[in-house]
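Both complexes below contain subunit A, partnered by subunit B and then by subunit C.
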Partner chain A sequence: MTNKNYETVAYYPGCALEGSGQPYNRSTKEVGKALGLKLEEVKNWNCCGAMEVKNIDPEIQTYLSSRVMSIAAHEMGHKAVMAPCNGCYHNLKKAEYDLSHKENSRAVTKRLSEKAGHQTYEAGQIETIHALDWIKDTIGEDGLKARVKNNLKGLKVANYYGCMYTRPRNIFPEKDQGPGSESTSNPHFMDDLLAASGADNVDFALKTACCGGAHTLSDSDTSTRLVSNILQAAEEAGAEVIATECPTCHSGLEMHQIRAEKKFGTKSNVKIVYFTQLIGLALGLSGRKVGIHENISNSTTLLRSKGFK
Partner chain B sequence: MKTISQIDEALATWKAPTDLGQGAEELLSFAEQVLENWLIAKGKKPTLIKSEGFRLLGLHRQGAKGDPSFNACRETCREAIYNYNLICDNPKAENAAANIVKLRRIVQHIALFIGGKMQVTGLGEFCCASKPIRLLEV
Partner chain C sequence: MAIHEKHLIRPENLATHDNLVIDGVDVSGDWSTFIRTRAVSDYNEDLQVEIAALPGGEYIHRCWQCGSCTNACTVNELNPDFNPRYWIYLIRMGYESELLRDKDIIWQCVSCNKCTSACPRDVVPEGVMKATAHWLELKGHTATSPSTDFDEIFASQVFHKGKIEDGSILTGFMKRSGQPLIQDWLIEMIKGMLRDLPIRFLFNMGWATLFHPKTKNWGKARAAIEEYVAERDEAHRIALKLDKSVDLHGHHN
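Right after this comes the complex of A and B.
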């Protein structure tokens, strides 16, 4: 066990994990079970406000995220809420920041909470964590190593964190706090966990580079070029697989990998897999159990060639 | 100064010279020119002032002023400097060739991101740049 304990947490899957990110949802839950960690889904949760609401009215986004934290803290009695999606994680963190720093955010949140009939969330009443914190802080690398049944040795992995896990850095006060904490300039929690699972992490330069995510539909060519560069950088670094920890990043990489080939003739063979799927495989779970078959990027042949079923 | 399209094309076919230090200088210059293009297009005179010892970071700081979404390429600029330093510290080191391959991709990403923003200003505004928070601090 490490210094923090998130054995039982409120689980906020968010909308993406019920749709395109279903394999992430499935693998997160299966990994939790295999590690003996308990996830209690936030009751009657709502959208975090994502990019769209933030674009129109940031105070409404703060309220929406605060409602999720209010239910987890006040109605379910949790001390931590775990959000595997970078967008949800980022928005809950942003709401926490807003409620700590902006009087207007507090006033709007109070007014809307009263109108909606639930207790108003106040900053500091719950801790928001990512799936990476959940495993890293509760199980740790040594704990994970001890539980590995089918290690990932020989699998070359580029770890892609995307942008919203670390930026803007002022909404993540727990990061950049020295040894043991996550770094906003060079995140490493996913690298650490997959190394503990036996993977060969490659030296990948574009870990947090912009993929044009929010513009993926409106300005697809820009996103395709950005993603294509990320995929090629991973391949040049020797990666067979890109590990992701966000459903939006994951879908973007999968979708634009196909589009890059069709539109620009840029082919890449690197496979895109959620980090929880890789940890699940290392823990001895089957590919089907962690939803490998549900990814658009077909990694089945590669993973079978490495001895995973 | 090359245009962003010219830089993009040059990077697509770019091959590292025998002197990797010289190659790193060339790539860093491409990155600086990309940011110069952005600043000129915004009616600003690109600064010659260095930040943390590098003009690239000075240009980034200038470009980011009042434009939160520019922070979406801050770490990419810093990553470019990091790899530049690794190469120039010892251009004959065993991993210098691998580092210059990385540096080329990083500079290409800067060109793609800024090139994208030249077409769609909002690129990066509402995801990691989290515009509302940044505006609060301006």
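Right after this comes the complex of A and C.
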């Protein structure tokens, strides 16, 4: 059952997907192609402000995110902009919320937009969606099931969503709206899509735990401890892979998995892959095509043993 | 989950006497331990107003001390001394000297927003943590934290070019925070990456100067943002009564 249609959307990859999150970018585009969905990259986009700019000034973050929405809505005429990165997705949603609720946000955004020379974005002019909504709403579980060529059967997956996809609740008014909608306390869109691709999802309690991404470099020991908890919980739940839907979480897990072993002697074997990579494999794409070889966490042997090339 | 709150009776405030006679009665033994009277006289009445003037601190006045933030907090689970509810209480009461006891850990908030989601009063405790950490730095109580260093490097790259490049953020941060770039875990990670793609690695980490992402025609946006930041800086300077010598974007004690 699909309730919305995002066959053609503006695509906002964001900075991380051009750097360390390259395999997420690649697999998202390949999955889109395989599913017949069209992505039109936002023209001359800028950084959304990530987690850092708001600490200097939250209104600048709102402006930065609004510029991306302004281009997608006004210059490109889109109704929806899709961001696979949780940070970008979160910031666009946050900007939308602030612009519809706070006079000061509207005033600063208007002032900066006018000086920068582009149309001011106003709340309600475009809808921001995550890569999960994109597939879930347009293709749906049945649609995905029908397209699966290499079912993920036998692959035990822990679905990890992190912080920015669900918190704080108030910036996601469409969530927690009963059956069919996403939940902020127990998100399930990724679980649903991977189950439709045949994966065996494990019962994983730390779905929305924090990986310490904000302090990956500035307070590495805290991040390593938080990541270790997540890796351990996933292994204890029987997972062979952790599926991610955020480049910051993904590289945080990869990096601190290595750091946990080096610094604290805590070794874990669970592999970290993007959910789009898993869906790509299920759709019959090769590991290379979805960038499995580009992940730091080496899941090639595991995936080969499961019959994926 | 139980909240492990802070004990206000500290060991240094306990007085134990081996032999003690009060009003002619010998109370040595079980009755010999007393808590010293604790009087707070050095309230900083401006504390809440100053923190509310910094980004993130705006809604601190709404707090009704329910403790949901501390109960939900990621860092509190690792360190029970990390206690957003308690700090908000201290700030609202003006207990500056008490707040200063925890000055070195407040910046460790990981911005997970569990508190913000749990708070029934829309205080945005995550923002209050950032504002408080910032206040401590600006008032010279702590050196600039690694977290602020990171924010500053990141933000200045965004303001200048419109985009960021994660590799150069990494190298810039290690330099500013005085850490050697070559860390053993980093080497291990690099080895893992070199497995398949040495070129891409160098490319991504920004050590190959082949390509620097930037947004085209960014100049006007940059000027507008910089003008706005300068105005905000001035407002913060006035609100916190800082003199011209304080660098609002990071100083090292």
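Assume the second predicted complex is superposed on the first by the 308 of 309 C-alpha atoms of A that agree within 3 Å, B and C clash if a C-alpha of one lies under 4 Å from a C-alpha of the other, contacts with A are read in each partner's own complex, and residues count from 1 in each chain.
By our rule, contacts are C-beta pairs under 8 Å (C-beta built on N, C-alpha and C of every residue); 3 or more make two chains touch, one makes a residue touch a chain.
A quick note: this is a predicted structure, and the numbers were derived from the prediction, not measured.
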Partner chain in contact with A:A10 - subunit B first, subunit C second, else both or neither: neither
Touching partner for A:A205 - first (subunit B), second (subunit C), both, neither: first
Contacts of A:K262 with subunit B and subunit C, given as first, second, both or neither: second
Per-residue contact with subunit A, leading partner among subunit C and subunit B: C
First, second, both or neither for A:C163, with subunit B first and subunit C second: both
Partner chain(s) touched by A:A34 [first = subunit B, second = subunit C, both, neither]: neither
Which of subunit B and subunit C A:A73 touches, first, second, both or neither: neither
First (subunit B), second (subunit C), both or neither touched by A:K115: second
First (subunit B), second (subunit C), both or neither touched by A:A237: first
Which of subunit B and subunit C A:Y97 touches, first, second, both or neither: first
Residues of subunit A that lie at the interface with subunit B and also at the interface with subunit C: 51, 54-55, 58, 163-164, 166-168, 170, 209-210, 212-215, 218-219, 222, 225-226
Contact set on subunit A toward subunit C in their complex: 15-16, 18-20, 22, 44-47, 49-60, 63-64, 67, 108, 111-112, 115-117, 163-164, 166-170, 184, 209-210, 212-215, 217-219, 222-223, 225-226, 254-255, 258-259, 261-263, 293-294, 296-298
Touch list for subunit C against partner subunit A, complex: 55-56, 74-75, 78, 108, 110-114, 116-117, 122, 124, 127, 130, 134, 145-152, 154-155, 158-159, 162-167, 170, 173-174, 177, 184-185, 188-189, 192-193, 195-197, 200, 204, 206, 213, 215-218, 220-221, 223-225, 227-229, 232
Residues of subunit B that touch subunit A when the two form their complex: 68, 71-73, 75-76, 78-79, 83, 98, 101-103, 105-106, 108-109, 112-113, 115-116, 119-120, 122-134, 136-137
Sites on subunit A touched by subunit B in the complex: 51, 54-55, 58, 87, 90, 94, 97-98, 101-102, 163-164, 166-168, 170-171, 185, 203, 205-206, 208-210, 212-215, 218-219, 222, 225-226, 229-230, 232-233, 236-237
